[in-house]
Structure formats: C-alpha cells, structure tokens
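Two complexes come next, and they have one chain in common, chain A, joined by chain B in the first and chain C in the second.
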Partner chain A sequence: MKKFKNAEYLISLFLSILASLIIGAFIMLANGRNPVTGYVALINGAFGSKYNIATTFAKTVPLVLTGLATSISFRSGISNIGGEGQLYLGAFGAALIGITFVNLPGIVGIPLALAASLIAGGLYALFPAILKVRYNIDEVIVTIMLNTVAVLLTSYLVNYPFASEIGKMGGTEIIAEGYQLSRLVRLSTLNTSIFYVAVISIIMYYLLERTSIGYEIKMVGQNSNFSRYGGINVKRRMIFAMVVSGALCGIAGAFEVLGVHYRFLQHISPGYAWDGMLIALIVKNNPIGVVLMSIFFGALKTGSISMENATGIPSELISVIQSIIILFIAGESGFKTKIKSFLANRRAIKKAGEKNA
Partner chain B sequence: MAEKLIELKEITKQFPGVLANDRVSLDIEKGEIHAIIGENGAGKSTLMKILYGLYQPTSGEIYFKGKPVSIKTPLDAIKLGIGMVHQHFMLVPSFTVAENIVLGVEPRKNRFMMDYRKAVSITEELSKTYGLKVDPNAKVESLSVGIQQRIEILKVLNKGADIIILDEPTAVLTPQETEELFKVIRKLVEELGKTVIIITHKLQEVLALSDRVSVMRQGRLVGTLKTKDATEQILAEMMVGREVLFEELNRIEVPREEVLTVKGIKARDNRGLMALKGVSFSLYSGEILGIAGVEGNGQSELVEVLTGLRQAEEGSVMIKGVEATNKEPMEIRNLGVSHIPEDRLATGLSKKATITENMILGYHNREPYATKGIHMNKKPIRERVSRLIKEFDVRTPSQDVTADKLSGGNMQKMVIAREFSFDSSILIVAQPTRGVDIGAIEFIHKEIIKKRNEGAAILLVSADLDEIFRLSDRIITIYEGEITGEFKRREISKKEIGLYMTGKRKGMRQGGVQDEEI
Partner chain C sequence: MLKEIINLTLLQHTIRTATPLILAALGGLLTQHAGILNIGMEGMILMGAFFAIVGSYFFSSSLAGVLMAVGVGILVGLLFAYFVIDLKSDEFIIGIAINILAGGLTVFLLRSIFGVKGAFSSPDIVPLPRFRLGFLEGIPLLDTIFNNHTVFVYVSWILVALVYVYLYKTPYGIWLRASGEFPEALETAGVSPRKMKYISSIACGVFCGFAGAHLSLGYLTLFTENMSAQRGFIAMAAIIFGGAHPIRTLIAAFMFGFFDALGIRLQVVGIPSQFTQMIPYLGTIVVLFVVAKSYIRKIKKNVEGES
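The block that comes next holds the complex of A and B.
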C-alpha cells in the first residue's frame, strides 16, 4: 500500500516534469526557436563532456545541502525559510577561520572551518526556533527577515572590517591554501566537497528514516498533539530540527567558500536555499528524492547556460520550467482525482456498452 | 404501497484492498424515515456518499423516480433534491450563520457583491418555516455542536433538498440535543413531506425514530425491515451476524491500593473559564472509577490535567506517592499511566502516519525496537504491531496503510491496543467506545475489565451512562467542575444519578452522609 502510494507519486512526478518540459518547448516555439535543438543543447550542456558533468555535480552540492535542510525542518512542522541567511553566515564563518588561522594544516583547518559554519548556521536558526516554541512567534516571518539581516551584515563586514586589500570588491582575502578543497576536474569547480556531501546525505537519510529521532520529528510534524500525548518532547524536537537545518545551510555556505570561490563574496549565493526549498517541496521532504532532484536541478542549471550559448534561448527559461514543475506537483492530488474519475467513467461507459450489445 | 423515490441496484464499491459495498440493493420510499445501521466499516457511509455523488460506484445503478440517473458530483445530487449532512460538519467557523447557510448559492447585489441582508432574511425565513431556531448573525465558531448541526440541516434545506441524508447525526450530541434533533426530523417528514435517511449505529435511536431500517454488515445489505417488526435484539444480531448478549462482566476481587490521589484541582478550559473548581478523589488498584456527567462539565479538562496535557492552577496530583502535578506527559507516562484520549483523531493518532508508526509510539525508543534508543529495528517493530493488530482485532488490509483508511472503530482499537500494551498500572480512559460499533464495544469493555482484574486502576470518563454503569465499581458525578456525588456499584439508579449529574442534588451517599437538596 505504501509502496503503491510511492509509485503513484513517482508517476505524477515524472508526468509533471514531462509536462513542464513540453510547455517549455512551446515557449521556445513561440519565440521562433527549435525546441529539439534547444533540449539537445541543454542535455549536451549538462552531460556532454567530462567538464559538463563535473559542472553539473558542482552545482548539485549546495542544492543537496539546502534541500536536506528544508526537508528536516518541514518534516518537523517548523518552517525554516531562513536558509539563505544561515548560508551566508556559515560561509562567512568558514572564510573567517580560513583567513585567520592561516598556518593550520588542512586536516585540522577544514574541520575547524566546517565547525565554524555549522555553529554559525545552527545558532542563527536556534534563535527563531526558541522564539517559536517559547513565545509562539511565527518562525516563517522571523527567518525570512533574518535572511536580510545576515546578507546585509556580511556584506558590511566584507566591505569594511574584512575587506580584501586589493580593493573593495565585496569579498574577503583568499583563504589559506590548507583550507582550499582540491578540484577534481580541470577548469570545473567540482571539488572534494562532493564527498563530504555524500557522507552528509547518508547520515541525514539514516537520521530521518531509520532512527527514533527521525520518527519523532515526523510525528511532531504530522500531529504535534498526538506526539505530545505520546510522550515526545515536541519543543525539543522542533528546536533540534531547526538547528540541524540551519547547520546544513551553514555548511552549504562553507563549501562555496572552501571549494568554489576560496573567499567569502558578498553575493556568494544566487539563492541556493530557495532552490533547495523548491527541491524539498517537489520530493515531499524525502532525503533520497532531494539528492536525485538536486542532480536534476544542477543539470538544468548547467545545461541552460550551454543552451543559451549554443541556441540563444535565454537560460531563464529553465527557471520557468522549474516553477511549472512546482505548479504541477502542487496540483497533484487535484489532477489525480480528475484523471481517476475520467478513467472510472470510461470503464463505466465501456461496461454499459457491452451490456447493450 | 408508497412511491419508490430512490432505488439503488447492485451497488458495488471497491477501494484498494477493501470491498466497501458488495452488490447492495436498497430502495427509499417517499416520506419515510429510513435508518441504515451497521457496524463501523460496514459500508453505510460509503453507500450514502455514492448516492450523494462523492464516490463513484465500481458497478451498479441508481434509479430516481423510476429513471436511471448518474450522480457524478454532489451538484448532480443537489439537482435531484438530495442533500447530505456529514458526520464532520463542513462549516466555515469564522463566517456567520447566514453566510454559512447561503454558501454556494449566495444572493447577490450585483456581479461581485453578496447581499448579506438578503442572506439574513433567507435564514430567518428558513428558520421560521422549519422551526429551527438560529441567530443569523452569530459566528459559527461560537456555537455549540447541536446548533452547528442545525445550521448544516438548514444549509441543505436551503438548497432545496427533499431527501436529507444524515450521517451519524447524534454521535456528537448530548441526549437533550438528540431529542431536539428527533423532533426536527419528525417535523420535516410529517409536516413538510421530506424524506430522511439516517445513518447510525445506535439501536435505540433507530427504534425510536425510523419507519424502516436497513441493516448492513461487511459491505452487504443484510436486510430491510419495518421498524415496528424490529427489536434491539433482532437488529443487533443482524448487525454482527451472531447473537449478542450484553452479559454480566466477570469481576474478581483484587487487592486495593491507592495509586492516584487528586486534591483540590483547579484548572481553566481553552476559553480561560474555570472548568475545574477544586476536584478531589482517589483511585485504587483493581477498580474502575467511572466519572459520570453531562459533557462539558470539566471531564475533558480533568483528564488533561491528570495526563499532563493541561496545567492545573491549584491542587495536587500524586501518582503512587510521587508528586505529579503539572508534569510533562512523558514523565507521567513513565510513572505508569496510559491514556485513551476522548478525541482519537486530534490526539490519539496521526492520520497521515501508517498503522505501524501509530502503534509504535511510546516504544519507538525502547529496546528491542530501538537499539540504544536510536537505531529503529524494523523487524521487531513490525512483529509487535502485527501481533497487536491480531490481538486487538484491528481490521486493516495491511500495517502499512495510513490510519485515515481505517473505520472509526478500528482506529479506536488501534489506540487501545497501543495504550493497553504498555502494562501500565493506571489507565485513564475517556469515551472509549464513542462512535464505535457494537461488536467493538463488547470487545473494548472486555479488555477494560480484563485490565481491572489484572490489578490496574482505571479511571473511566464516558458520556454514555450505560457504559459507566456496566463497567464501574465506583461512580463519581461531576457537575460544573465540581464533584457532586460518589456511589458504589449498584447503589444508585440511572434516574437518580441524573439528578447529581445536573447539579440538582449534591452530597456523598457513603457513610450515612445526608443528601443535600438544592
């Protein structure tokens, strides 16, 4: 029964993606482009060469982390919409370690930088979580506002106290060499962070699906009355989920610094946390789904740039496609009933026909 | 013979894993009150939802006034003059009565604006015609359940319904409200020529109200008979398919030991009003202490205080000599207290979770179900759940379906299975058989008595006086947040206890204390 449900969901997910790609094709046609060339260029761009594949996976890294972050918080029924802010603070924390303790070897320095980002992101999420469970202050509003605070704060920091000496470019100095995660494929930004992300994904899957903590988080999100009645410490679980969520976003920021830019930049994230949230919504907070959907989103992002270069179709089209997927998924249950009743009718008509004949 | 208004022919409805209706044929005559009874999960509601267009039958036909019709949506049903009042009301709490009644068929001033004054006058008109008193301007959220039901009925009538389906209308009503409702139904049928189909599983109601009764069991129609030819016994046997005897439950003497002491508890309800005004009593092992009272006199709040779900403002709760006032639910559970909550949907289970997930709560971090309290072990969990499902006769296609797929009685058995499997020495049981069918009631009662005979102390809160009388060793009455009397088993009649439940009499009957008439 559960498996049946999952299969049903996978089918609707597949159909949603297909439908949005078709709509994308119509948009291309309406603009006088050939959708076949467009999509071929997209796929080529995402997977056509070693470099392209590497870039796709490089783009996947932050999405997996922010997607998992959203999953754990949404599962527990507390909504962390502040991932972007936590990511910025985490990134800045890692950069700060990287430019301060320049003589540390990587084996000490990298964990230290990650710890700093994890703590920064986690603490930044702890604050709204406490407001929520203590005073019932809406965490959605608080976390959204804290995004702006974090982005502007770090922007100030890197333009004034921590501005790099080669001029005000809105970034810190380059972090010490020991902190720089090595690149895996020439020219691409794919780096060893992907291995860390693989480990984190496995841990998160285990935590959410196989442990009593994951079970409690799920129950709290589904029915907090029931959970409290059953002896679960609802507040503690909500805070835990929120802090882990913030920490994951912080780590996502750290990897942008340690693996991609080697410094903190004031616009370091083009909205990774928001994309992660979309991903988690699409796959209904399933950790495996987050990983797969992140790869898909990474491929779309990478491919769209090649597509624009090769065919002139603007890469923004991909954002349109992503949004349409969400629309379809949001309407999933509605579509499902329509289709089912249509099929049931067809069967009834057919049966009646047989009877008359 | 009366005109056949609706004929259902060979209706079959297949849900994944469950055959909800199996070739059911039924006819409804004009101007009758037709009761459909059956245990939970017998397929009564499904059948009516098919008639109302909420479900499509897998096969079978519906005839209306002799002509075949296809009812695909409730709109089709409404066009035919069929209206349905659901078990769970479908009202907008923040709207006024008038707004709710005209919802969907709003009178308009122009294209965009609703004519509220017209809505009020429509409501007043309806209210007068049908003799159902309501205040058109009151907000629905501030009204009692009985009144809300009245609004639902008016809403259906406003849409021009001639055939009204009532799905378990009395499940949420007090005895007085039920009486009121029956008067209304009789008026609708006798004076206004409407036809009423009522789904229920309360036999007395069927006998008191209906003209004909159809009995369903496990998706099939067992038979339709004239109510005047039926007795409670006949109907009960048809429902469960065997003889039902509410036999005397077997009690054995168990050593009595005080395990729960409640002193001077004061607490407020959700609206901030004083719901408990100093409640004191003791509970002993090996006894069932029944709390009798009209609903809303503080019973719910009392249970919540005892289980840690509500804060007491004054007073103390001692569990086996340990101070337990205002402790967290978890701490109270750890002291050996299990709780069957009165509202199983809101508190007793999670509808979206699977049966396994629902039944493992409380064990999910204990050995051997979780190694070191963290790693959950699938195999022992599944084994435990399937054993409990079998032991407590929870009828479900599998343990992986979500709880919302179960019928009310099976949901309750699931909750009871979980709570009774904790081996707690104190059981706090609220409305254990509300909305549960006869077969399950008997089963649940026997489980409760079994626990008592094993030495558990049981606090039973129930709005069903028969249940209180059948199970309790001792009864206390509660009225407006105060205890008004305490009686030993068989020391008092139902009629007399009513006086204490309504506050007309006060005082203990034990030890020669004089009754105090007010």
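The block that comes next holds the complex of A and C.
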C-alpha cells in the first residue's frame, strides 16, 4: 500500500514538473522565443561544463540546508516560516566570529563560527517554539514577523556598529583567512561547504527516518493527541524540531559567509529559506527528496542564466516555473479527487444511458 | 533636530504610507473573517503595482491602470480561492506560492515588456489624480496634512466604513463571518459558505490591487522590483493588531504608517531607522502574546469557577 502511494506521488510529481515546464515553454513562445533552444541552453548551462556543474552544486548548498530545516519542522506539525531570519542571524554570527578572533587557525575557527551560527539560528527559532507550546500562539505569524526583525537588526549592525571601514556598503569586514572555506573549482563559488552539507544531510536522513526521535516527530505532526496518549512528550518534540530547523537555517547563513562572500552582507539571502520551503513542500518533507529537488532547483537557477544569455529569455522565468510546480503539488490531492469524481460521474451517466437504451 | 523629524510632512507622509496598508488590511480581514489566513497579500499587492503601471502606460490613463490592477487582483483572488477552497490545499502554502510567483512574474514581465532591470519609470505613465477637499483649503494646518493626496487615500477611508457596515450591519456580513466560524450552521441556513469564502478572497484581491496601484501610480509613478516591500505582512500585522475589526485595524494601519513615515524622516537626518521599522512586527508578537495570556487566564477562571 505504501509503495503504491509512493509510486502515485512520484507520477504526480513528474506530471507537475512536466506541466510546469510546458507552461514555461508557452511563456517563451509568447515572448517570441524558441522553447527548445531555451531549454537546451538551460540544460547546457546547468551541466555543460565543469564550471557549470560546480555552480549548480554551489547553488544547491543553501537550498539543501533550508529544505531540510523545513522538513523537520513541518514533519513535527510546527511550521517554521522564519528560516530567512534565522539564516540572517546565523550568517551574522559566523561573520562576527570571523572578524573578531582573527588569529585562530581554521581548524578551530570554522567549527567555532559554525557553532555560533547554529546557536544564533536555533535560539531565534526557540522563541516562537516556546510561544507556540506554552501559549498556543500561531507560529506562522510569529516567525513571519521575526524574519523582518532579523533582517532589520542585522542591517542596523552592519551599517553602524560593525560597518566596514571602506565606507557604507552594508557589510562587515572580510573574515580572517583561516575562516575562508577553500574553493574547489576555478571561478565558481563551489567550496568545501558541500562536504559539510553532505554529512549534515546523512545525519538528518538518519535522524528523521531511522531513529525513534524521528519517528516520534512524525507521529506528533500527524496526530498530536494520539502521540500524547502514546507517551510522547509532544511539546518537547516540537521544540526540538523547531530548534534543529533554526540551527540548520543558521548554518546555511554561515556557509554563505564562510564560503561565498567572505563577509556578512545586509542582503545576503535572496530568499533561500523560501526556496528551501518550496523544495520541502514539493517532496513532502522527505530528506532524500530534498537533496534531489535542491539539485534540480540549483540546476534551474544556474541554467537560467545561460538560457538568458543564449536566447534573451529573462532568467526569472524559472521562479515562475517553480511556483507553478508548487501550485500543482499543493493542489495534487484536490485535483485527484476532482478527476476521480468526474470519472465516476461519467461512468454513472454512461450506465444510466445504457439502461435507458 | 526634533523639529526636523516631527513636522507636518511627517503627518502627511503617515497618511500616504498608511493607505496601502489600510487597503490591503481591509481585504485581508475579509478573508480572515471567512476563516482564511491569506499570506499571499504581499504578492497580490506587488502584482497590482506592476499591472497598474502596465495599464497606465499602454492606455495613457490612470483609470486603465487601476482597472488592470483590479482585474489581476480578481484573477489572483480566484486562483487563491480555487486552490484553498475547492482543492482544499494548505492556505499558507498557496500564499507562499503566490508571493514567489508574483516576485518572479513581475520581474520577468518587467524585463520582457519594458526591457529594463530593477525599475521602470516613464513620462508616459499617467499618475493617479491628486484630490483636494475644497473646504479645507482655507485652514493651513489641515490643508497641508489632508489635502493633495491621491484619490485612494479618501477611498480607503470610505471603504473602512463600508466594510464595517457590510460586516456588522448586513446579513451578508453575518454570512461571511459565519462561513469562517460556523460553516455548518450557514449551510443549514441555506447559504453556501463556499460562495462567501470565494467573495472574500476575490475582494481581498481587489483591495490589494488598489493598494498596489496606490504604490506605483500614487506619488512616484514607477515600478521597482519587490516594490511591495513587506507591506502585505505589515497589513497582516495590522489585522491581528486590530482583531480583524475594520476600525481598530484602521487605527493599527495608521500607527504602522506613522512608524514607517517616522523611519523615513529619521533616515533623512541620519539616525538609524531600523528600530522604528521593527515596531509593527514586534508589536504584533506582543499583541498575540497579550491576547493568548488573557485567553488562558479566562479559561483558568472558568475552570476554577466550576470546581
């Protein structure tokens, strides 16, 4: 039964992506461009050379982390929409370590910076989690509000107390050399953070799918009353899921600082947490799915630049395609019910027709 | 210094910045009463702002711009309603999808229609007409504060009154509220909750379209990427602040508009504005906390009273 369900979901997913790409093709046609050249350029841009593949994977890094962060929180039934804010604070925390303890060797400094980002992100998620379990305050609204608060707070910090010496550019100083993760492929921003992400993904998979904590988190999300009778400490599991979620977003921010920009910037994330959320929702919070879908989204992002250069189709087309995929997936069960009842109706009409004849 | 910050311009700006918040919040509180939390308002405002520019530019008329914004608002409202009500999708997933769709689509169209990146402005865009209340012209103070705004400023105030009357003084308003609170009861009374939810969602799209048109055609006549700049979320904050009551929400929107305007004034004199900008967001959390606490206290009291 479960296998059948999975197969059915995979078919829907495939159809959703296909339909979204077809809609994308029509948009290209409406723009007077050839969709075939467009998509060929996109695939080439994403995987055509060593540099392109590296860029695709570089873009995958923050998506995997924010996607896994969404998975664990949504599985436990507490919705962390505050990833963006946790990411900003995590990024700032890492940068702060990197510009303060400049003499530390990388082997000590990098773990310290990651720990700072993890704590910053985790604490920032702990607050709405406590409001949720103690006072039953809607975490969706609180985390949305906290996003902007974090963006504003870090923007203040980097424009005033921690502003770079070279004038107001909305960023901190460059972090010390020991903290800078080495780049793996020339010209691309792909760096060693990809290895950390691989390890984190395996741990998260193990935690969610192979441990009793993961099982309990799933139970809490599916039926919190039932879990309570089953002896699970629902509140503790929810808080745990939320804090881990925040910590992962914080780390995503740290890698942007340590691996990509080498400093904190006030607009460091173009909405990675929202993209990660879309990814997790599309794959129904499955950790393996998150990794695969992140690579797909990373490829779309990278390829869209080449598509733009080759055919003049604005690269933003892909965020339109991505949001259409999520609309299809979100409407999946609804569409299925509609189609089923439509077919049942037709069958009934047909039968009635046969009887009359 | 203080004189530079707190002056008539500040009050005039407050009215101006509060208007899109009032309009969007009115739309959002209608869906709120119908039992739907619409976090897609941000995207709806953004689309409205963009299509208002498109309409005004190509038809050389601000009315065409507004109609275009409203038309797109209706479409997005229908899309939202179809997924949330008919397909029973999660309302906040659809809201996020609409926000991301709006962000991508407006930039995509900005580049494919106008061929520019970042912002579009042109002398061919017709701005919304400014409005003057004749009887205020003789009074210097009120003249500066209340006159010379776009028509939407005054429309938004009238709409607050209309929404109030609609919600609390007409049967339709009762139906709308019942569709959120007791859909079964409404069903029994022979009114379709589905229809009421659809109406609220479409109205929300229209109001957000107004808000967008006010942003792009109101004072600056330009469109910039992500022009809505969190206003959809501040509108949501205003709704929560005002307990989804039109008049209290209006007051909250004015308050948030004031802090927004104050932030701009502070920036002019070189004081960091980030903390004043945080007030709507932090304030909302405080309100939620106070409401939740008093609710818990009430329950405790009831329990004690019974025993």
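One rule holds for everything that comes next: the second predicted complex is superposed on the first by the 334 of 357 C-alpha atoms of A that agree within 3 Å, B and C clash if a C-alpha of one lies under 4 Å from a C-alpha of the other, contacts with A are read in each partner's own complex, and residues count from 1 in each chain.
The criterion applied here is as follows: a residue touches a chain if its C-beta (ideal position, glycine included) is under 8 Å from a C-beta of that chain, and two chains touch if they have at least 3 such contacts.
What you see is a predicted model; the values in this text were computed from it and never measured.
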Chain A as common anchor, with chain B and chain C clashing or fitting: clash
Chain B versus chain C as contact partner of A:Gln322, first or second or both or neither: second
Residue contacts on chain A - larger count, chain B or chain C: C
First (chain B), second (chain C), both or neither touched by A:Ser79: second
First (chain B), second (chain C), both or neither touched by A:Met145: second
Partner chain(s) touched by A:Tyr135 [first = chain B, second = chain C, both, neither]: second
Partner chain in contact with A:Ser193 - chain B first, chain C second, else both or neither: neither
Contacts of A:Leu153 with chain B and chain C, given as first, second, both or neither: second
Segment of chain B intruding into chain C (one of 91-99, 163-171, 253-261 or 451-459): 91-99
Footprint of chain B on chain A - complex, ascending: 1-4, 210-213, 215-216, 218-219, 222-223, 225-233, 341, 344-345, 348, 351
Of all residues in chain B, those that touch chain A in their complex: 16-17, 56, 58-59, 72, 307, 309, 328-330, 333-334, 339, 341, 346-354, 357, 360-362, 364-365, 370, 373-376, 397-398, 400-401
Chain C-facing residues of chain A, complex: 27, 31, 79, 81, 131, 135-138, 140-142, 144-146, 148-149, 152-153, 155-156, 159-160, 271, 274, 277-278, 281, 313-314, 316-320, 322-324, 326-327, 330-331, 333-335, 338
Residues of chain C that touch chain A when the two form their complex: 37, 39, 83, 86-90, 92-94, 96-101, 103-105, 107-108, 111-112, 230, 233, 236-237, 240, 272, 274-275, 277-278, 281-282, 284-285, 288-289, 292-293, 296
